[in-house]
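Below you'll find the structure I mean.
Lettered A, B, C, D and E in written order, each chain numbered from 1.
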Amino acid sequence: MIEIKNVTKVFKTKDSTVEALSDVNITIPDGDVFGIIGLSGAGKSTLVRCINMLERPTSGSVEIDGTDLCTLSQKELRRIRSNVTMIFQGFNLLSQKNCLKNVCFPLELSGVKRAAARKRAQELLELVGLADKAKSYPSQLSGGQQQRVAIARALATDPKILLCDEATSALDPTTTNSILELIADINKKLGITVVVITHQMNVVERICKHVAIIHEGRVAEQGEVTQIFAAPSSDAAKQLVYPDGISGITQGAAENEHIVRVVFNGANAARIPLIAQLAVQKGIYANIAHASTKSIGEKAYGSMILSIGGGKNALTQTLDYMNSIPDIIAQEVNGNE
Amino acid sequence: MSDFFSSPEFNEAWEIFKTQFPTAIWETVYVTVISTFFAIVIGLPLGVLLVTGEKGGIRPIPSPLLKLINWVINILRSVPFLILMILVIPLTRAIIGTSIGTTACIVPLTIAAFPFAARLAESSLREVSPSTLEMAQSMGASPFKIITKVLIPESIPSLISNATIAITTVLGYSAMSGIIGGGGLGKIAINYGYYRYKYLVMIIAVILLILIVQLFQSVGTLLAKKTDKRLKKA
Amino acid sequence: GDSSSSGEGSSKGNESITIAIPNDTTNEARALLLLQDKGYIKLKDGAGITATSLDVADNPHNIQFKEVEAAQLPNVLKDVDYAIINSNYAIDAKLNPVKDSLAIEGSSSAYSNILAVKDGRQNDDIIKALKAALESKDVADLIKEKYDGSVVSTVDKPTDGYDESIDYSSLSGKSVTVAASPTPHAEILAKAKEILAKKDITLKITEFTDYVQPNNVVESGEIDANYFQHQPYLDDFNKQNNTHIVSVSSIHVEPLGLYGGKQKNLDALK
Amino acid sequence: MIEIKNVTKVFKTKDSTVEALSDVNITIPDGDVFGIIGLSGAGKSTLVRCINMLERPTSGSVEIDGTDLCTLSQKELRRIRSNVTMIFQGFNLLSQKNCLKNVCFPLELSGVKRAAARKRAQELLELVGLADKAKSYPSQLSGGQQQRVAIARALATDPKILLCDEATSALDPTTTNSILELIADINKKLGITVVVITHQMNVVERICKHVAIIHEGRVAEQGEVTQIFAAPSSDAAKQLVYPDGISGITQGAAENEHIVRVVFNGANAARIPLIAQLAVQKGIYANIAHASTKSIGEKAYGSMILSIGGGKNALTQTLDYMNSIPDIIAQEVNGNE
Amino acid sequence: MSDFFSSPEFNEAWEIFKTQFPTAIWETVYVTVISTFFAIVIGLPLGVLLVTGEKGGIRPIPSPLLKLINWVINILRSVPFLILMILVIPLTRAIIGTSIGTTACIVPLTIAAFPFAARLAESSLREVSPSTLEMAQSMGASPFKIITKVLIPESIPSLISNATIAITTVLGYSAMSGIIGGGGLGKIAINYGYYRYKYLVMIIAVILLILIVQLFQSVGTLLAKKTDKRLKKA
């Protein structure tokens, strides 16, 4: 369990002080996949860097399994760190080592024999689709390839905690998906705790159980992903979930129109024509104002914003109908949000 | 020209060339290489300490100790080589068994060169990106592992080109070895060429020195380029 | 460096004896000549004041010569059987040339250190004034007191410091520059400086730690005179470099002595 | 106009040769916003780097307004380059200069006076939301902030051509949107040509007119964004547009079920309940298998994949109905795609 | 102790200290600073040429020219300083008007130090990331602008710390100035310590040299750190 308690981090520069984190409290249970989202410069990287003490909090404490990291000696800290790996926003590959050796690096640190390390590294490179680049140096790789080497490296030692700082930012959707599957897989099989910073909301929807929204160094909101994505209450969360703003939709809304957010959280709804049934069975015409959904197998993921005519009555019927299906959450969105 | 080649100057130079240069070349190379080797063996760890030991470094050492290292390096760098050569005579005697001769030069040369090597190493090591070091730290690497697996490997090209600078400088200093009875091309250039006005001998010695430096430099530059994997090569 | 002798050097049965000698032209030759005088070696015919260890023709004691910078000889004495050391260095190193040396050059004036100028300037008034000051009794006394036998004045009839044949008033306010070795030459010149100062002549002393440049700068006219060498060296220099420098006066001599290092007496050379 | 003709680029390394580009032909008209997409390592960066000759093609030619760049002298090349700016995948900020000076850099290069350059730089920093970071050094910025400085720098000199290599990869959706708006704005106002490499399909949908899909160094497909996104014909394009694969949807499809892709390209459809009307008016129950749409003002953008029961007849009706609305394109998706 | 302070050694040293040291300190600092300045003025552009001029560099120069520069640097680095000092006498005379004295040392010191400075600069400049240079190239920056606005500014910290190494080395060489009639602390240390065994005087001279080096080094290190904006400072 990772407990971040009252953490504040202040950067002092010559002519200014930046409070990158103010009084942050977050608890991440073991085996969780925890998302951290927020605007650029919100303090996400700083927060995650506090988890492995790359950044020492100005005040507050960070505890892993009850041990306060701030109080540890360098040696004890190293022991803990060897179980916490990080995928850096800037990759941070060793420029003078080829891909294989980059992936071998943490293995060698943890005392794995050379031959075994190479074997494992080669496997990992295959997993991230770079088997043929084993002998290439970072300068000879594309941006996404470098990122995948960094991912392979972070996974090499089967860490207990994996910190991902924009681990898939340089990857195309297909590769992103395969990497996310890989991470989800490891999370399930080995029960490792994963902390994910990302700007891609679909990454959060896809693999995170919990999410915290950081805004100007503070936690604006945290909780289960489905809940927060279905009903973001803070302005910060709304901004992230609806970057185009929901006001456009609500403003044009007629008197008796209501806006409803429907969240599919792996609902077995992939084969049910919800909107069509709503229209035919209840006579309610739902217009899709915004949608980001996908079906994986029989399950549906993502969310939609519907605008529904027909006043209060239609609204209630819609909400009842939607909420009756398991793993679907439907809620009205306040007009002046 | 045929005049020149049968002139007494030429004959004399040729004689010296035949009898003394083979040994002198060997002595120059041997003293230079060994002294530089020891200078690096001592200087590199010191350079590492200077970088890793400072406040906020990978493995801070007590500030008085760091200051002490800095002082020792500065002190040795301040003492003119001629004087250093004399001051270390007791040490030379203790290590080599004698204070005179070619081999004896290795001690003062090493002592003069290791602080220089330390500064050069420091300058190279500082170029390793802090975020790379951070990465290693985040993986729980011990300071020792960071040094041996990241800091030094990542700055290898720069270390090699600075080692080339060091070996050339040592070669220059070794010319003064004649003072304590050492040999080598530098001594021949100075003692035979300069003090005895045998300019032909001096020129030959200097040309050989140039060839040796050229060799060191070419090998160094080549190695530095070869080992540098940061460059994009099309 | 370890120039072993030619000649009988092949007699390996003999324990070799190491002797450290100065590595500069004249001192090296003087050292070898001293050894030849004592009958320990024989030099090739014609090897004179430029002889090096390579010129040893006969070396019955299988002497290994270690050529070391003259000033360093006292420092390396412990590492060799014997060393041949200039008296001025010996005395600075707390060796007494009179008591401690096992053999010493005679105070033969062949190696007397001279005041030299470019040919043609011998009779310049200012040079004459300089010469008179250096040949003064004050200077001779200074040498006697200060160097205690390691440096010996070679001036026959010390003057009062001034030359009656020149008009000092015309020299008033002028200056003369002399290139000199730091020790003892520059120190001796310091005394002359005092003497000349009384006549309002400025003596500028430029110290050189080198044996070639002082002649070059006199030849080029950058400096009026020099005081660091002896006559045989100057003759050789003139011959080799086509220069025209002449001696105007011989001032002092620094005899070379043979000192024991690992050996305490001359038995090893018997 | 940028014409890339038969460009091939081969990287030789010690023990392998990589053909990063093979016989690429692309024409980018003046004033266009041209997207380049493809999997990680496909050759996108290499291609864009050929446009400003950072990478010299092994064979083929790159022409800007009829001038073949490969044949230019260094000096002529510099003149052209000063009108082509690039936002690098790795930002490439000057580490020893603060943000303001980083943005001033290209201005000073093009001879703008110091004071004027500073003023302009400050304006640009404000535009990208970093007015308060003018004096900070790159090492003191978050990843996204660094990227925004790089963007500001690229826009500083009002270039004629702007090359964006993953220009918004490190930005959250809100910031991404504002940057995209900025770029779209500049494109419209100044008529500059923009080439955009991105992994975010919504970026392409949002600002690109044309798109090329690069696959293993070759152009798999190119054309108008709406067309390609509506009906990707190459495997590479399909993979990018439907990273989760469309097979999941089609496989489970019943005998008489058809899969239809509907693309909204700024259609005035934001307020029309299409699916509901289809159900009520035509009795066709469309099930939304995948959706990524948004309404900006009255206009709808994005695409949906619908599965429609009722056999051939229902399919034809659906297509007719959808295609009758301007700026909506609907097409059947082949079952075994 | 009171014995020591009234001993003749002490009196003599004190006398020398009073009369000679003020000038000597000034001469040392002045010769070292000026020579290093000129060495950098010549060496830095050469270092730049070595980096930018090579094949694939920012502004490739004809390979024979590059080779020539390399050779000249190597040649000057190979000639023992003593011999160099003598060889450049005609040049010194032409520039300074005389070949002797403290000021005259500036010429041989500069000539000995600029190739060294060039190599150090080369080593620093090679550390600038190729992608940063690429960025500047992509903006149509001329080689000159790239050099003055990117290459040099980006390697300033490393250049400063290498300039510190250079000035210390020049200080060491300046001790040999006695050969051509120059002055300074190094000369005093050598003349009194080496030739006359007046170790007290030598030690004082050496201590002063150490203080000067320490000063140079501290200022250099401080500046290098201050100017380095790559480091994260919390």
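Here, a residue touches a chain if its C-beta (ideal position, glycine included) is under 8 Å from a C-beta of that chain, and two chains touch if they have at least 3 such contacts.
Bear in mind the structure is a predicted one, so any value in this text is a computation, not a measurement.
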Quick one: how many steps at least from chain C to chain D, stepping chain to touching chain? 2
Among all other chains, pick the one whose mean CA position is farthest from the mean CA position of chain A. C
Farthest from chain D in C-alpha centre terms, which chain would that be? C
Per the C-alpha centroid definition, the whole-Å distance linking chain A and chain C comes out as 88
Just how far, in Å, is the C-alpha centre of chain C from the one of chain B? 36
Whole-angstrom distance, CA centroid of chain A to CA centroid of chain B, is 54
Going through chain B residue by residue, note those that touch at least 2 other chains and give them in order. 86, 129-130, 157, 194, 230-233
Multi-chain touching residues of chain A, meaning two or more other chains, are 11, 13, 90, 139-140
Which positions in chain C are in touch with at least two other chains? 212
Please give the residue numbers of chain C that touch chain E in the complex, ascending. 71, 74, 89, 92-94, 179, 182-183, 206-210, 212-213, 216-217, 220, 222-223
For chain E, which residues are in contact with chain D within the complex? 59, 129, 131-132, 134-142, 145, 149-150, 153-154, 156-157, 227-233
Complex contact set, residues of chain A against chain D: 11, 13, 15-16, 18, 37-41, 44-46, 89-90, 135-136, 140-145, 147-148, 165-166, 169-177, 199-201, 239-240, 243-244, 248-249, 252, 270-280, 283-298, 302, 304, 307, 309
Along chain B, where are the residues that touch chain C in the complex? 27, 86, 89, 93, 98-102, 177-184, 187, 191, 194-197
Seen from chain A, its contact residues with chain B in the complex are 52, 54, 74, 77-86, 88, 90, 92, 94-98, 105-106, 108-109, 137-140, 157
